[in-house]
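Take a look at these structures.
One chain, subunit A, links the two complexes that follow: it is found with subunit B in the first and with subunit C in the second.
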Partner chain A sequence: MANSKTPLLDELEKGKWPSFVKDLKQAAEKNPMAEDLIGQLELSYKEKIGHWKHGGIVGVKGYGAGVIGRYSDRPDLFPNVQAFHTMRVNHPTGWFYKTDALRKLCDVWDKHGSGLTNMHGATGDVILLGMKTDQLQPCFDDLSEAGFDLGGSGSALRTPSACVGPGRCEWACIDSLDVCYNLTMTYQGQMHRPMFPYKFKIKVSACPNDCVASIARSDFSIIGTWKGSIRIDQKEVTAYAASDLNIQQEVCDLCPTKCMDWDGKVLKINDADCNRCMHCINLMPKALRPGQEQGATILVGGKAPIVKGALLSWVIVPFMKLEPPYTELKDLIERIQDWWDEHGKSRERLGELINRLGMRVFLRAVGLPAVPQMVKAPRTNPYVFFWPEEIQKEVK
Partner chain B sequence: MSDDLKTRVAELFKEKSKGDKKMFYIRDVVRWFPGEDRHAVQTAVQSLLDEEVLQYWSSGSSTYVMLAEFFPKE
Partner chain C sequence: MPQIELAGKTYEVDEDGFLQELDKWNEEFAEAYAHVEDIEGKLTEEHWMVINYLRNYFQQFGIAPMIRKICKDLKIDMKKLYELFPTGPAKGACKLAGLSKPTGCV
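Now for the complex of A and B:
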């Protein structure tokens, strides 16, 4: 490799894991944009600074989101990445594609852009990396023709995403796919015409395993759950007992609330103490199933660190029935967004705003009662303070 | 939404853009009209965007609005 033009990037091809550098080099054989991208990246590694300028360009006709403008600050060296915009394409809910849809998507992208993709970005969208400004509109037109639309970016509702849910998974307590699709279609305006203080993310997991990590990654998390008893099939429990699984050690002893009892013959669960962590169900899927009364827990406030530190979402509605047309859910989303839009500072996420103004103010504004499930962690201050007039009422 | 409000938003945009600062958060614009309903101001901004008097500018994570005439040329 003595004569290589990219000695630093070449390091990333070593080792047995897949390498994005290999992929980039492969793409560079066909596409000069990919070639200049490699050149600019090597320069960044050498000088230890980034060479991308933030854009301005936001979308195509009628859209204020969906395109993230990027320009090289060294177009003299790398003319083919002078403009290197990203297009966010709304993925199909649950990321289910037919092969012909994927082929169409790739054909459009080979025609208009660098050929490089990120399947999928952290928001869930298909990320098409690297397009010149004059290709934005024709690329969008071809994507529309193929049945695709842009996702959210900037101070907008970001493309909602959902776990595969009932499409593949027997643990689904809600139809995460339908909820996500319904919200996406309802809130097209909020996604494509940014009007919020900052980004707003909605993610839907159909059970507490939370495969889309909605707790850590969304301002509004919808997580499937159940009320009442975990369904137990004792015959299957006996079969597990005869297998390698040590029910006492691996299941009961690791139940976080210690609400399970195994006497060697019968498995009992004290459901009142179960916090629906999914541990036992994950280990004994044939014997245990979520309870029959199913719905969702609603949480708010999750975000990654940018202006302030990371937050995990916390519970605001312990249990909500979720059935089309999801009126109760949408009313709540809209009340919350409206409050945030009115009081949030620029670039302030919902969780940060609630921390700044207090849960008491938030709960009153969106009309929710304070309930014990809102306590974020035991042994922290659990109190939602009373309003003075409520104390007066109590005194009388 | 009243045409009057739309005109006032456009006028004030021109006024505020006389200095070096050309890009504003939508919240800034709402704050220029303390007496007006927030949604009405937002609707006015939307229709000025439709008419291409105003244009969005985005860093990717945050979105601003500005007079189309000041939108940076490549």
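Now for the complex of A and C:
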């Protein structure tokens, strides 16, 4: 490697894990954009400074979102990445593809761009990395022809995403796939034509395992849950007891609310104390199942640390039945967006706005009653957000 | 820095086509530039209403207004805004109005 042009990047090829440098080099054999990308990245590593200019406004006709402009600040050295725009393509809900769809996508991308992809971005979209300005519209046209559409970017509703839900998972309490698809189709306008103070993310998890991490990564989190008792099949419990699983140590002792009791024969759960952590159900899937009455908990305010620190979503609706056409859910989303849009400052996420103006102002504005389940963290730290006149009423 | 020639005059623009010397803006610039942003024919009264609004706001506050504010103050909806400026308010309208490039965000 003594003569390598990229000694610093080469370091990232060592070790037994996959390497994006290896991928880039492979792509560079076919595409000069990928080759210049490697060159620019090596320069960035050497000089310890990024060589992308900030921002860029490019797009396709009729859409204000879906394309992110990128320009190199050293086009003299790397002419092939002078323009290196990113296109976000709305992924199929739950990321279920047929291979021919993926092939089609890659064919379009080889024709118009660098051939480099990121499957998938944090929001969920297929990220197509590196395209020249004159290729944007033809690439979009070809993608449309193949049945794909762009996702959200900028101050728009970002592409909603969902866990695989009932498509593959027996724990699903709601049809996360259908909810996500339905919301995506309903809110095409908000997604393609940004008009909010900042980004707005919706993620749908079908059970409290929250496989899309909606609680940490979305302004509006929908998480499947149940009412009533966890369904127990005692015969299967006995079978688990006879296997390697130590029910007392591995299940009951690790229950965060200590609501489980195992006497060696019968497993009992005090469901009133269960906080739906899913630990027991995950360990004993054959014996334990979520309760029969199923719906979703709605949380708001999650975000990553930009502008202000990271926030986890918190509960605003403890239980909502979710059935098509999801009118109650959509009404709530629209009321929240209206309030945020009206009062939010530029670049202020929903969670930050609620923190600035207060939870009780938020609740009154969106017409939700304050309930004890609206806590910052389960079983601790309750908000006090009753209005003085409401407290008076209670005292009488 | 790229240059474009419109109606007999030369302007410096950035790589996205946004005017660099904001004081060089004039109505002929907007009119001659419109076709680049997919606007067919001449700019209408409605186009000018948006452009003038953007320029006023920008002169007052030094930034482009939020889109909700445009819609509210001008009493038009997003659909109309995209009909007028098919490439969008941030790209098309601000470019013709000679505003500095809105800070994009991913």
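Following the convention adopted for this analysis, the second predicted complex is superposed on the first by the 377 of 396 C-alpha atoms of A that agree within 3 Å, B and C clash if a C-alpha of one lies under 4 Å from a C-alpha of the other, contacts with A are read in each partner's own complex, and residues count from 1 in each chain.
In the analysis below, contacts are C-beta pairs under 8 Å (C-beta built on N, C-alpha and C of every residue); 3 or more make two chains touch, one makes a residue touch a chain.
Since we're looking at a predicted model, the values are computed, not measured.
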- Message: If we overlay the two complexes on their shared chain A, which of subunit B and subunit C does A:Arg356 touch? Say first, second, both or neither.
- Response: neither
- Message: Touch test for A:Lys286: subunit B only (first), subunit C only (second), both, or neither?
- Response: neither
- Query: A:Arg193 contacts which: subunit B (first), subunit C (second), both, neither?
  - Reply: both
- Query: Looking at the overlay, does A:Ala156 come into contact with subunit B only (first), subunit C only (second), both, or neither?
  - Reply: first
- For subunit A, which residues belong to both interfaces, subunit B and subunit C? 54-59, 64, 68-69, 71, 83, 86, 153-155, 193-195, 197-199, 341-342, 346-347
- Within their complex, state which residues of subunit A touch subunit B. 54-59, 64-65, 68-71, 83, 86, 133, 153-156, 193-195, 197-199, 306, 341-342, 344-347
- Query: How about subunit A: which of its residues touch subunit C in the complex?
  - Reply: 54-59, 61-64, 68-69, 71, 82-83, 86, 153-155, 189, 193-199, 341-342, 346-347
- Sites on subunit C touched by subunit A in the complex: 15-16, 18, 38, 66-68, 71, 78-79, 82, 86-91, 101-106
- Task: Note which residues of subunit B are touching subunit A in the complex, please.
- Result: 25-28, 38, 42, 45-46, 49, 56-63, 71-72, 74
